[in-house]
Amino acid sequence: MARHVVAKVDELDIGKSKLVKVAGRDIALFNVKGEFFAIANRCPHEGADLCRGQVVGLAESDEPGHYRMTRHGELVRCPWHGWEFDIRTGKSWCDPARTRVKSFDVSVAKGGALAEGPYQAEVFPVSIDEDYVIVEI
Amino acid sequence: MNEMIRSLESKLGLSTVGGIDCDLHPASPATKTLLPYLDEYWRETFVMRGVDRLSLAMTSSPPRAPINVRSDWKAESGFAGDTLEAVRAQALDPFGTRLAICNVLHGAMIMHSDDMAAALCGAANEWLAREWLDREPRLRGSIIVSAQNAELAVAEIERRAADHRFVQVLILAQNDEPLGRRRYWPIYEAAARNHLPLCIHAGGSNRHAPTATGWPSYFVESYVAQASIFESQLLSLVAEGVFQKVPDLKVVFAESGFTWLPSFFWRADKTWRGVRAETPWLTEQPSDIVKRHVRFTLQPIEAPPDQDALARTLEHIDCDDILLFSTDYPHAQFEGLNALPVAFGETLAKKILIDNPLATYPRIAADF
Amino acid sequence: MTETGTLERPVETKAKYNLIDCDIHPSMKTPAEIQPYLSQRWRDHLATYGGHTRQGLSETLSHPRMVPEVSRVDSWPPSGGPPGSDLPFLREQHLDNLGIDIGVLVPLRFNASGQRHPDFAIAIATAINDWQVGKFLDPEPRLRGSIIATQEDPANAVAEINRRASDKRFVQVLLPPRSIEPLGKRRHWPIFEAAVRHSLPLSLHVGGVGGHQATGAGWPSYYLEEHHSQVQTMQAVIASLIFEGVFEHFPELKISFVEGGFSWVPSFGWRMDKAWQTMRDEVPHVKRPPSGYLRQNVWFTTQPMEEPNPAKNLADTLRWIGTDRLMFSTDYPHWDFDDPRFAFKVPLTAIEKAAIFAGNAVNFYGLN
Amino acid sequence: MNQAVLEKETGTEAKLGIVDCDIHPAFSTPDELAKFLPQRWRNHLADYGQRSANPLVGTLPYPRMTPGNGMRRDAWPPNGGPPASDLSFLREQLLDPLGIEYGILQPLAAGSSTLNQDLGAAMCTAVNDWQLDKWTGPEPRLKASISVAQEDATAAIAEIEARIGNRSFVQIAIPPRTIEPAGRRRYWPIYEVAEHYDMPIGMHSAAFGWHTNSGAGWLNFYIEEHYAFSHSLQSVVASMVFEGVFERFPKLKLIVVEGGFAWAAPLMWRLDRQWNRMRSEVPHVKRPPSEYIRQNVWFTTQPIEEPENNRHLLDTLRWVGTDRLMFSTDYPHWDFDDPRYAFKVPLSPAEREKIFRENAKQVYRLP
């Protein structure tokens, strides 16, 4: 298990996503209300890039004809067939047990702190004063 | 050689003795026959208007078409099943039927006037009770209603519900609008409240074309199209959330065929994954909802003579609870007494003949 | 299921074509792109009156989809304009990326057959055909065109077919399944006659506005249902072609059904066969069991791929239909797109793959 | 009030020798048509019935208020059979007492709205043979209509060609509730033949058809259906004008039967007004719609409108034009108009002559 610096915090706005390549894997990185999450980029259905999907809330209902939108910005709809995945867990909404993408631990750290640990900053130089997103693989 | 054996096998049905026949058709009564069961307003105006002389046979099921009257069951009149004696001799006795549900396919259900439709439905139900159910203890009835006016349909259900020989509510497959829509929900609530499944039978109003591409020329084509209407109704009931709103509702599709179910499941489940946010009350895939709430009468079995395809189809459906035995008497769906092909196997056959009907019809189970 | 567990890749073959996509939807950067292909009179008409079809909304589909332009979210060209409107991006994202040797264009915009103004319909059909040549077929040799013909005006449809037939880049005649009358009716036969004369197959892509409700059960509420209704519409069209005797009269006619699925085909064939056996005296011109014509005259494209659970059940369906009847399609850039590498979740033999992904289309279109 | 008018009109009518543009002949028994049909279709009818795009097999979707599908109660022949099935009684009750010189048969049992087109064409042929055999042969005052299955223009034209030499036929009957609006080009081959032979197209209100009579959808009661007959006929007129039928076939004659006529004036105003605004959409329509209507379209009078104030009808007569109107009784239906009493307003002798006789004689080319 290694920790990879994948992005600067300020390059990914709330509600946005980004494709990052880490250790040969394609990973979709999301900023959900200031919190960062990483899931495998490839939809298990037909292989579309989840990082290009629409970030949406969860449509729920107590009974037919009643609509409620909850968990604002916490799901991603596959850009092709619209399957919804929980950005926090990688599980699909319709079939969470069997249809899911791998979810990775994500943390945020100051550039200064990064110099001390076993981080791999593959992509760019790290500056001490800025915040970075770190994915564990 | 294998082909020969298969073909021979296909002619040999499993025993149906002791079964519950969930789709049997006494011939629809002539309008004049219903006069004694109508109130004074309708009785007088029907005679004044000559309605009592009108045939209310539906274009969706011409009563003399070969599919609707099996040749060896046809009476002098050109119809079949028009006397209790005929039904006993041709349907109840030979199949060893323990109980049979009478589905009267009457034009009452599609008359334009809400009130006339309701009056005729009420009369036909009363006629069924007096002329058939009173005389033959093996018979059970369906309460026919016209779906177009839910208020009147509910009134008829409530009026008839005290008679426990009526075991379900019957409407036709093609109506003004898809049956999941909310205008129809009071009917479903009334049915569930009274422990009556809702039977949706092939046929309909033909107020609009039976296909999305216009009017077919031929009856055979229209008959084929009925299955397509059933598919649309099935998805409508599911998508509109009828089973969330009325969780106790059981629906029985009658004379719908069932071999189309696997492809229905596959497509509906797949599409649901992509568009379920449109109907967020659907929290499980359509096939699961169907398997829990909807039942299908056995006939017609639309499969090749080769029993393997039928067996594979049953495996694709993957639900032993879903079929209810039916002869669809006097419709021409099979030869001889071969209503239950060998592909079903003895275990499933028993479920289809007895267990599934009992699980579907609380009123039958109560006095079985 | 893991993220890549069931994905597989097509095997390499040595055929001339390895991958033919039978369903690509080209579009316009802006609606004004049509203008150079219209005369001033029709430009003015379009600007003033717009499209005028047999449905409620004039410029929008009756059931809004779940994504803009019905399209994959990742298919919007970086240069602007809607998906499918930018040839370089279509090449890059689709043709090059997937290694498509031949892609057949299926233009849907402006809906010539659905236009109620008969002369405007003709003008639009001609314009769309010219536009395909100008924008796509001239610059990109991998693409093929579809002849848009005014189905409701058979005489002009035939004239347009005659005009285009010499341009071999047009590989089929495109008709909408939802029409005023079922396709098999004799008023459409001149179109079939022209297609056979020019050795052009017909193709029916889901859609059209014939003025009829989207299902025989009525207008559905939700896109989930409307999407499913394409199956029933295709069934109605096939039943019409068979029962009106089209294939009996035009045994060489080839028709593909695009984007309507295929898992329903076996059970639909069984249903037609059964009904035909009982009622063939109504249609004496239909000489063979309906499923025989399915095997001889009809092809299906694969998208949206049927996805049973378990996936292996699809193997039965493929066997029942015949893998020689299926032609791969992506539906690019629409949301329910199929990727050739991952669409089939059941194993196919190398021969089956070669047939479905290219060989059948080569035969169907006569691409040799 | 009405009584005074009645007295004044009585007596003058009988001598006029009127033309009744709408008489409905009936079969004495349901199988009377069978002997004019080939065996194949007799068998077919026995098994499948005559299926149309309607709910009931052979029965009107909207039951009428009197038996026999809305008959005058006094029209049942003493010798049995339904109203207008017995020629001698039809003479006795209709032709003789009302002084009808010519009566135009409008058979309603034709195959025009039959889903099975081959059956429909066979039924049209049979009905045409039956009209000659049962009616126009024995009774020369009666004139026949060529029933055609209009949805199959080829078959329709073949039937017209087969009948055209027989002057017992004076019009081509097409019902208004066609698959597409009547003006659409699929029907033009029929109109071309009709114009060529100077045979009017008679469009009679229809209880069967491919669409509702009302654009509002399926109605609940017969009172609504009866009213909506006029709507389907208005649609026919508008469609034939705007599709350019009368521009393309300037000598074509269209007779609108059993829809009344008071609506014709406001319809013309509306059509003219909208044509003025939107003629760019229909440049093939060269003249104001009302001009085509005044040139190519005639209206039969029954069921005549009866304003609260009788004299208001005079305005309507002026607006529509008494040269466009042709009297009809609709015998033996319940909403029958009696020529002596139908018009509650005074007509000049010239107007009377035109409406009750001359217009029809010219349109139908009666001797």
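Think of it as A, B, C and D in the order they're written, each chain with its own count starting at 1.
As a working rule, a residue touches a chain if its C-beta (ideal position, glycine included) is under 8 Å from a C-beta of that chain, and two chains touch if they have at least 3 such contacts.
Everything numeric here is computed off the predicted structure, so don't read it as measured data.
Each step here moves to a touching chain, and the least such steps from subunit B to subunit C number 1. Taking the CA centroid of subunit D as reference, the farthest chain centroid is that of A. We define each chain's centre as the mean of its Cα atoms; on that basis subunit A and subunit C are separated by 37 Å.
Centre to centre, using the average C-alpha position, subunit A and subunit D are separated by 73 Å. If you average the Cα atoms of subunit B and of subunit D, the two centres end up 42 Å apart. A straight line joining the Cα centres of subunit A and subunit B is 51 Å long.
Residues of subunit B in contact with at least two other chains: 65-66, 176, 209, 214-219, 240, 272, 274-277, 279. Under the contact definition stated at the top, the residues of subunit A that touch 2 or more other chains are 81-82. Residues of subunit D found to touch two or more other chains are 47-48, 116-117, 179. Pairs of chains meeting the touch criterion: A-B, A-C, B-C, B-D, C-D.
Of all the residues in subunit B, the ones that touch subunit D in their complex are 48-51, 53-60, 62-66, 78, 107, 110, 112-114, 116, 176, 205-207, 209, 214-219, 222. Residue ranges of subunit B in contact with subunit C, taken from their complex: 65-67, 173-181, 208-221, 223-229, 231-233, 235-236, 239-240, 257, 259-260, 262-272, 274-279, 300, 302-304, 309, 312-313, 315-316, 332. Taken in their complex, subunit D has these residues touching subunit B: 46-49, 51-69, 115-117, 179, 210, 212, 218-221, 225. On subunit D, the positions that touch subunit C within their shared complex are 43-44, 47-48, 116-117, 151-152, 179-180, 184-186, 243, 280-281, 283. Against subunit A, in their complex, subunit B makes its touches with residues 182, 240-242, 244-245, 272-277, 279-281, 285.
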